[in-house]
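Each chain gets a letter, A, B and C, in the order it is written, and its residues are counted from 1.
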Amino acid sequence: MVMVNTPDKYFLSSGSAEGYSALNAFDNALLKAKVGNTNLVRMSSIVPPKCQQVHEIDLPYGALVPLAYASKTSQNPGETITSAIAVAIPEDDTKPGVIMEHSAIGEKGPTEEQVVNMVKEAMKIRNEKIKEIKVVSSTHTVEKIGTTFACCVLWY
Amino acid sequence: MVMVNTPDKYFLSSGSAEGYSALNAFDNALLKAKVGNTNLVRMSSIVPPKCQQVHEIDLPYGALVPLAYASKTSQNPGETITSAIAVAIPEDDTKPGVIMEHSAIGEKGPTEEQVVNMVKEAMKIRNEKIKEIKVVSSTHTVEKIGTTFACCVLWY
Amino acid sequence: MVMVNTPDKYFLSSGSAEGYSALNAFDNALLKAKVGNTNLVRMSSIVPPKCQQVHEIDLPYGALVPLAYASKTSQNPGETITSAIAVAIPEDDTKPGVIMEHSAIGEKGPTEEQVVNMVKEAMKIRNEKIKEIKVVSSTHTVEKIGTTFACCVLWY
């Protein structure tokens, strides 16, 4: 891997699904989130300065795609699970934004609240004023084997 | 990392080993699988369209190598463990294939069977007819600390 | 990701921190280790031949940065935790070095000792004489939620 460049686009998405196995449920959740036919490479969790949000993304089949994500799989029928991701963009556009991930048993509300608190804290530690915060999440009540997934893809 | 390209070769391999620690057992299993002197970057699990299988691969020492893998480490003497990976290639060569990973306590038979079911399910969800399925696995009965490993490397 | 090249620099660092959540503690430990505003991509654990250690590194905000790391998070107040990483460089400079990671409850001494034994074992398995071993670690006694982190970044 030639590692010289820095992504300039980010894409938020989420999805949830049931599956034949835990890994199939994860695969199905990725397909729902429109990132499922790529090779996701997980990374820790910075939005490069001036990186722009895109709402459509054309990822080639099998491309190596860097992303941060939250995911939770449960095999407890009736259990409700949520995965959420928050992105904080700083007022100073020469500085990086931060991505935080959080998954929990429970509904969307408290999980999104927690991930927003986490990203606020990360910006406070960096002494950066926040221009905006974006949150995406997915919630699912398990039938047999279910996965929730929320992601921030970085791209070029 | 400049992330513009998509791999065009894949390489299946597997290995198992004992080791001084869990991480040494993993390192030794990688060496047995002929991927041990590289920097493996784990990814989720797609074979790009028209990607060709190779049976020999020349990975430079320390190169960054994307792959999907199954691995299991056990410290229970006498326990038999298996890691398996399956690749399904679609009839339509403009579409991606899928890689699935599965590890379990037990012999090769049921673990390979399960990973094949998983990859069939992943292709069914995608409405793709399967041209062929390939499976590799490694099985090991633990002496002190043992690891099984099976992988699909993507390369250029 | 275009994956043709191999890193030629390595950078050892470590840090520990408390945080609002486990992920914030990890984020804060990364900042202490001076790798916190990048997108870390975790890999297994080889120093390419002739790779040179650097003691300062300029990582662009949000760059995709390959590294090996040890990390441990604890939410048990009063518990002391340590993360350590060891690098063994071979006498034969055409051969790769090995990076090993180890985290444990306890002080620096035994954790560093264990990671050094691990890396010696990895070089013995490879039949390589060791030119030098380098170790970095971080130790932390938990207040509420604490993380220790030690890493070897590869770079260009």
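We take it that a residue touches a chain if its C-beta (ideal position, glycine included) is under 8 Å from a C-beta of that chain, and two chains touch if they have at least 3 such contacts.
Keep in mind that what you see is a predicted model, and the values were worked out from it rather than measured.
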Chain A onto chain B, rotation angle from CA fit, given as a multiple of 5 degrees: 120
Shared interface numbering between chain C and chain A [over half = same, under half = different]: different
Separation of mean Cα positions, chain C and chain A [Å, integer]: 25
Numbers and ranges of chain A residues touching at least 2 other chains: 1-5, 7, 41-42, 64, 66
In the complex, chain B residues that touch chain C: 1-5, 7, 19-21, 23-24, 26-28, 30-31, 37-42, 60-66, 155-156
Complex interface listing, chain C residues touching chain B: 1-7, 41-49, 51, 64, 66, 68, 95-96, 98, 100-102, 114, 117-118, 121-122, 125-126, 154
